[in-house]
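My questions all concern the structure below.
The chains carry the letters A, B, C and D, assigned in the order they are written, with residues numbered from 1 in each.
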Amino acid sequence: MTERQERPARRGTKKTGSEGEHPAPLGRALVAELFGTWLLTFASLGAALLAHLGLLPEVAAAALTPALVVLTMIYALSDVSGAHINPVVTLAFALRGAFSWKRVLPYWGAQFAGAITAALLLRAFAPLPPVREHLPSAGAALLEAACTAVLLAVILATAHRDARLKPSVGLAVGATVGLDHFLSSPVSAVTMNPAKTFGPALVAGHLAQAWPHLLGSVLGALAALLLTWATHGPLNRAEHEAAAGNGGQG
Amino acid sequence: MTERQERPARRGTKKTGSEGEHPAPLGRALVAELFGTWLLTFASLGAALLAHLGLLPEVAAAALTPALVVLTMIYALSDVSGAHINPVVTLAFALRGAFSWKRVLPYWGAQFAGAITAALLLRAFAPLPPVREHLPSAGAALLEAACTAVLLAVILATAHRDARLKPSVGLAVGATVGLDHFLSSPVSAVTMNPAKTFGPALVAGHLAQAWPHLLGSVLGALAALLLTWATHGPLNRAEHEAAAGNGGQG
Amino acid sequence: MTERQERPARRGTKKTGSEGEHPAPLGRALVAELFGTWLLTFASLGAALLAHLGLLPEVAAAALTPALVVLTMIYALSDVSGAHINPVVTLAFALRGAFSWKRVLPYWGAQFAGAITAALLLRAFAPLPPVREHLPSAGAALLEAACTAVLLAVILATAHRDARLKPSVGLAVGATVGLDHFLSSPVSAVTMNPAKTFGPALVAGHLAQAWPHLLGSVLGALAALLLTWATHGPLNRAEHEAAAGNGGQG
Amino acid sequence: MTERQERPARRGTKKTGSEGEHPAPLGRALVAELFGTWLLTFASLGAALLAHLGLLPEVAAAALTPALVVLTMIYALSDVSGAHINPVVTLAFALRGAFSWKRVLPYWGAQFAGAITAALLLRAFAPLPPVREHLPSAGAALLEAACTAVLLAVILATAHRDARLKPSVGLAVGATVGLDHFLSSPVSAVTMNPAKTFGPALVAGHLAQAWPHLLGSVLGALAALLLTWATHGPLNRAEHEAAAGNGGQG
């Protein structure tokens, strides 16, 4: 690995902030995060309800729905907001140094608002689907952490890679979401996403049962940061653009 | 976001029309739209008939068939006509300013002709499959609008992005078509496409039941335009090429 | 469409032959065609046998197997031989002017040899699976022609497009193969490939039943040539490289 | 094929080693190989256990899980280590001349350590799933060799191709893994990966039954080298980068 590559990106640019060359306007980014997280949560809850009613195959609904939402939202929104649609993705990019801490709270606000709105909207039309949890709390937290670690490792690694790989990022991240849900959904309510856990739990009044997944996803994100540091080393410029969008330039 | 990027594309080019640098010849574009919409409608009706006869799994037939047709038609025809194969895609690109209004009526003619021909052709060989609608009219219109809004938001957003993302457009849009049908087909006859609703309904004599889907898809397209304006701002040059083709240059 | 783009490729190059800038050596191309067609036929027969024994889901075996073989062979072999692995693909490229007629017979030899070898090899281990044909001859020929026309239209259109779309060609063509088999396999033994029809029929002694599919696939290829002429116009340089490989340069 | 293209890569560069222009640091590469092989083995064992318990569809678990792991690991790790996560991939790249022999033993160590750790970790939580083997030893070795040959042929061929195809490598190789497992898993415990066979067999105490798969995967790799030599000829520079990573430059 060359020196040029290893040098932290901030020193390699003329910008003083850490948002990269072309940060997207914050207002647009927040609309994108709100919409993306809303869609992710609403579609996943809808699929779970249809599966609960016997109208969709259980595992296909649980794995395919979030995988396809994440895949398409990355292609549709990553230029505007980085398409995090997940509070631990925002956290990991900020801890990695690729995303401005000033934007973390607004992003979290948009993400949790999107997930809560999705749960409220579905409940306006139909009962929320039951949460299927077959593991004890420690097991659920551990599985959540493992699944989140794999997802975040793929997100951070593909963000680190250069522009030639861009057409594959949505496919790679969407496939990881699908894989994680395919393997975890038969035994636990893993979301790899605190907003997607919190919103429906708040609306359904099940917040007490949600903590293993809230805790697990944060621990998983920290594990992924360690792994990424071990495999890819420090931050590079590509991560800035992946984390914060590039102002609509692709 | 830089000034250069934000400036409406029309002022940034030397062309006076709004079809971008290399509009495809209209005749070729109409053949492409006619064929694409015919294939989309014929394959979807065929799959529904096979599923009705117990020869294909219901949800797989309803979701996979249009997803694969849209994916492949985008790769095969987007250079020639933009591969709309859907009247509300044409409408949305025109309202967005990316597609010449002079071409809207011819495109619509080709699209509706393709869908009607598909229904007539299938009926020449076999009975048309029954329409499965489990929602009241208002619910069907609302679900149609929501699914169409998501699809059009992905189409407009990926059209806005630069050429590096091109190899992913068919995948992203096809995945959205699959997701929308996967979640809606168990409860409603959502098409996200007025031609695909109208053609079979006309041939089967069920036009009176089609209005919620015709209305919903137009409302969904308008919602997607609002969302795209909020996330991506005004028109850029990439949208012109995506909407109108580029004369066979990729 | 600009003059430069429309001009037949042959005049635009310094080469006198019609194989494009970097034709692959014929020997390597024939190994690639033999291997690819062998794998396509062997895997499809194997999947049909496993499905017949109840070890694989019928439609998944029939649609997914050839789709994945075609997808991967295009990425692995298209630089060496164009990855036709199908006599009507070779025929269509030759009729289109993108592929040297001198190479057509050798290609056909390699393709038929691959398919026959695959059937012989499978029969050495297990009985060949029965052919499922629920249509009368005329219907089988018509469905074969329609499916082949769609496949060849996608192949010719993506071959026509520029290098930026290259990473998508395997996906687009593989998806079309999967779609065609998904919709046709419940009712007919459609292959869209005379070698894949002929090899197993010869080895099983069912040649008399194979003619609707042999005839249909040729008619479908001719229909696709007409459609491609109507949508994309005359030959361009990209088609030469797609048809004949480019000597290992990608 | 031009002279420039055919010339062995080593002479075309200024480097004296055979690791290409930007070999990744060995430490990082070993972490990547350890993690990737661990994930591949752990996820596959987990999926097999869930399928054994009736919680996942058998064939989907067996085919989709390793396909998605391989797809995502290639996008996440190929810049760091080449994303072999398989001892016969390392062997084949070394025999091909694309990968330094000095790195082979460390890579093998990381890969076997990853697979053994995965089996130990799963056994700490649950019993290891039973190995489903319906073929006699010779048949299992032959099927393993055939599946591995196809996989390695795709890996070596896509490694040989130029950078434009890069966004497709994960898709192509992942699809081949899925196809091979889809067709072999109903009858034999094919892994195409000696580490993935050895680790669980060691931990479960079934090493005596593992030899057909260990032997078969090595024979398959040799067959793929022969085929690649016949179709693509000698080593080129793209293979160096694909085999050894490129120091985080994409």
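Throughout what follows, a contact is a pair of C-beta atoms (placed from the backbone, for glycine too) under 8 Å apart; a residue touches a chain by one contact, two chains touch by 3 or more.
Predicted model, so just to flag it, every value in this text is computed and none were measured.
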For the copies chain C and chain D, the interface residues, called same if over half of the numbers are used by both and different if under half, are different
So the chain most remote from chain D by C-alpha centre is B
Chain-centre distance (mean CA atoms) for chain C and chain D, in whole Å, is 28
When centres are defined as mean Cα positions, the distance from chain B to chain D in whole Å is 40
Among all residues of chain A, those touching at least two other chains are 163, 166-168, 171
In their shared complex, chain B is touched by residues of chain C numbered 1-2, 5-6, 59, 150, 153-154, 157-158, 160-169, 171-172, 175-176, 178-179, 182-183, 186-187, 227, 230-233, 236
Listed in rising order, chain B residues that touch chain C in their complex are 22, 24-25, 28, 31-32, 35, 39, 43, 46-47, 50, 55-57, 60, 64-65, 68-69, 71-72, 75-77, 79-81, 163, 166-168, 170-171, 174, 247-250
